[in-house]
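Two complexes come next, and they have one chain in common, chain A, joined by chain B in the first and chain C in the second.
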Partner chain A sequence: MNSSRVPIIILYLTLVFLVGPFLVVFIAAFGGEPTLKFPPTSFSTQWFTKVFEVESFRSSFLTSLGLGLMSTSLALALGIPVAYALSRFRLPGAVVIQTVLTSPALVPGLVVGLALLQYFINLGGSVYPSLLAAHTALLLPYVVRVVSTSLINLKPDIEEAAISLGASRLTAFRLVVLPNIRGGVAAAAVLAFITSFDQVAVSLFLTGPGVSTLPISMLTFMEYNYDPTIAALSTLLIIFSIGLVLVFERVLGLSRYV
Partner chain B sequence: MPGRTVTPWLLVTPALLFLTLVFLYPVVKLLLNSFSVGDTFGLGNYTSFFGDRFNLEVLWRTLRVALVVTLVSAVVCYPAAYGIQSVPPRYRGLVTALIIVPLMTSPVARTYAWLVLLGQTGIVNTALLRSGLVQEPVRILYTEWAVYIGMAQLFIPLMLLTLISAMENLPRDVVPAARSLGATSLQSFTRVILPLTREGLVVGGTLVFTGCITAYVTPALLGGARVQLLATLLYQKAGVTVDYAAASVISVVMLALTLTVAGVLRGRGGRT
Partner chain C sequence: MSHLQLDHLHLRYGNAPAVEDLNLEVQDGELVSLLGPSGCGKTTTMRAVAGLLAPAGGTITLGGQDITRLPANRRDIGLVFQSYALFPHLSTFENVAFGLRLRKVQDAELRRRVGDALEVVGLSEFAARLPANLSGGQQQRVALARAIVIEPRLLLLDEPLSNLDAKLRLDMRGELRRIQRELGVTMLYVTHDQDEALALSDRIVIMRAGRIEQQGTPEQVYARPGTPFVADFMGWQNILSAGNVPEPLRRTHPAATHFAWRPESVTLGAGPTSGRVLARTYQGEHLEFLLDSPLGRVKAFAPVTAQWAEGSELTFTLPPERAAALRDA
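And then the complex of A and B:
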């Protein structure tokens, strides 16, 4: 039947719309012209070299990497205990706690950035701690949600058994619960890191002279440069996320957590 | 034993304290600022913001973009999500990965692709000129069209993934059953698939709608100064013209919009 093929054709066209632009960026990145042109008429790899020569990219990449790792660790340290408490205890006011914890996901990123900018300026603080605080707050809802999912899927029986055999709750958590939810924790860490690394809205107001994240540096660079350097950098970032998705889809089944 | 009741509080307190101090308090303070004129309470910031025709146009445009992109992604993603059943099982993982990869990619890189495609010397214009459909390059970039396209590419994965998982929960043979009882394909969609996947549609729609209202990179790069949305207007007021009164009003409006839509989700989608 002919009409039964329509849905799958729409699916494939949608995939082309989602992924096709990436191919265009790949091709544009290898263009030889000094200004971005598509399709390019000559071949060059100079823009990939230039990515590593631009000082603002090098420093902001390191900032984004450090910020991503630190905010992810902080969000895990704060979020895992919450997920555990919410899944294993009946807390009065659990709804309120849950609402507070999901609130960073509900408030538009630009609003968070602006609020923290004004707050930390009044406190006389510097830029970096406010960026770290904003990113950690943003990641907490993701961490709590993903870790909670794995905790709910883990029956409490085995840790109860450990406790009744004399383990403290902390020991039971460390030796019994944590090894069983490490897939969820790893998935939470990956999602959190990516969310921080790609973040624009929250960071926009909180970057200033001296401190900038990679996405913000890219936006600034694009205002004044029309050569394919950004295409080369975007290519590297897209390859990085493809690799990440492939590895974690294979190891953790990431699609269950997105 | 007192330890049993104290433990959970010890576990949640650090996170709650952290969020209250560095997130809730600053955000609430910013929102309350919008109600103060000088040192007294007043709605002056609101009357002057909403009294400006330009601001109203931006608000209306933001709503229009969010609504159109949400509707279009629902219309596209329903058949596309249904179509995944016809994909041979060994390729389904690949299809899922192709939907997830854009989600995990920097929005700057994703939006940049459209600058390459839609510019005056971009592939779309080159193709149009060569085919003879147009005589000179069409302006697509920095129009509302460019924003629609960019936003659709940004948020379709969310709608698609939500609808795919909603359809996985559909009993396998409901559609063939409806068809064998004489329903047309349109009827089997409106009477069977739609009611059974309504929750997924509400969740996906909320993600797309709120995403469109809060996205910054796409309107900034593809809309530019000509096609401003609330997000780019907020950046302009706070970052460029340092008009914190207007910026706090826009913050309240954006938050009110996202919370209203999220509230609709809780009311309609309920059991998720």
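And then the complex of A and C:
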């Protein structure tokens, strides 16, 4: 066998490994039986209709969407200045700061969830603000990482050029830095949103009466129902995620910058 | 009253002193080079003048106004970087228009001024291109147009030609000189290349370890170096300590610590000192001989017809009338 083919074979095996579970879910979603079964023996699209009839899915989808958009916006609003400070100024203890800012991404989600639960109970916060704060904290490391990478690749002398031409530091950031890191910012936004939208471990601790995110509703639903509705919903979510990435790719040209 | 004046300027780079007690004056319309090896403080000085680095002490005066504490974006000083630092997302036109847009220049005037600046640097037909689609030389011209279009009170250039290839560098050198004359703009030019400084400058300021070593017209620093450092920088390749030099020459310059000769001043084939040829190098216009002699290593140029081979012995003269008397600072 030609050994140069090995990486290509690994590529295809990896693809099967990644896409396989999705195919199982996708096929099972069209099963006609009242319980989830693979491979299905009959065909039906009724579960896709049912997804939209489950009230908890509808409300928690909106919660997750809102939460994802808000926590992503907050994480960007905090993370971009943080990444800028880290990449442009020589701060004492920069390594420690960097480690701290990226640590939640390394700690298991359940631990973070438990820690945040204690934290918010002590603060006496209500459910939604707690969730929002927790998600924002969780997304921040991703944003800082991705945006930092873009900033490091952008030479600081173009800011100095802008300043010498009459721009304040803020104006230079807006007119010169931001347009050149927008790919990184968009990538950070997509990554952050999907992370928030998918989040189970932390949300598990912080969702409460009347407020639930979509993954938590799905978990709850599965405890009592074992029909293909959940597979249909999963299929729709996967398509939603892919669609999101494609739209960003089209509009902002992610791959050109990242 | 000089246009730019640095008085007792002290600059620090991190915690280390980079420039100490620097005093410098640049007249209106003058082109002054800061020349020196890397780490001599020339770029640090330029950054302080631009306002990108706060001095630890001293004052900077521009056109009679103390600008020591004035923010960089209000100094009206044009800056051209070694790396060009063009805005990658903006076209040539928009790069040049940047400073004018910040100054809220009206559209018709903006178009005229950007057009004029692009014409000065010969890039009118490239107005719509992005920097990535321009050659290094073209990018350098955009950077220059962007800096001059705001009609700066002072133009600072930091090694602007060092990223260009040799031929382009010569062309751009001439262009810079022409543009500077045409616009009458006062220029402070940072370089480590003595040829560039000699060709461009009205005056050269040679810096060493954060201090000014010598300054003068190109002719002065080239023909009359004052210290071994300057002599070495200006191509006086034979620098002998005073003890190795014949008595009469030493007596006429009692204060000198060293004497120097240019390689073209050494007379080969006759004289009081003998040497052995260590290397014979063809350099197009002449031959370069490296000699081992009792005075030390000596470099000398001879016509390409010279016949001495490597390893052969010959005599030479270091003519006293062509010596530079130096004093180690």
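The definition used in the following text is that the second predicted complex is superposed on the first by the 231 of 258 C-alpha atoms of A that agree within 3 Å, B and C clash if a C-alpha of one lies under 4 Å from a C-alpha of the other, contacts with A are read in each partner's own complex, and residues count from 1 in each chain.
Here is the rule we use: a contact is a pair of C-beta atoms (placed from the backbone, for glycine too) under 8 Å apart; a residue touches a chain by one contact, two chains touch by 3 or more.
Computed from a predicted structure; not experimentally measured.
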> Looking at the overlay, what does A:F52 touch: chain B (first), chain C (second), both, or neither?
Replying inline: neither
>> Touch test for A:P179: chain B only (first), chain C only (second), both, or neither?
In response: second
> Counting residues of chain A in contact, which comes out ahead: chain B or chain C?
Replying inline: B
> A:V100 contacts which: chain B (first), chain C (second), both, neither?
Replying inline: first
>> A:I163 in the overlay: touching chain B, chain C, both, or neither? Say first, second, both or neither.
In response: second
> For the complex, which residues does chain C have touching chain A?
Replying inline: 50-52, 71-79, 81, 83, 85-89, 98-99, 102-103, 143, 146-147, 150
> Which residues of chain B touch chain A in the complex?
Replying inline: 7-9, 11-12, 14-16, 18-20, 22-27, 29-30, 33, 76-77, 79-84, 86-87, 93, 95-110, 112-117, 119, 121-123, 126, 152-153, 156-157, 160-161, 185, 213-217, 220-221, 231, 234-235, 238-239, 244, 247, 251, 254-255, 258-259, 262
> Tell me, which parts of chain A touch chain B in their complex?
Replying inline: 3-12, 14-15, 17-19, 21-22, 24-25, 28, 36-39, 78-79, 81-82, 84-86, 88-89, 91, 97, 100-101, 103-104, 106-112, 114-119, 133-134, 136-137, 140, 144, 169, 194, 197-198, 200-201, 204-205, 214-215, 218-219, 222, 230-231, 233-234, 237-238, 241-242, 244-246, 249, 254-255, 258
>> Could you list, by residue number, the parts of chain A that touch chain C in their complex?
In response: 155, 157-158, 160-168, 171, 175-176, 179-180
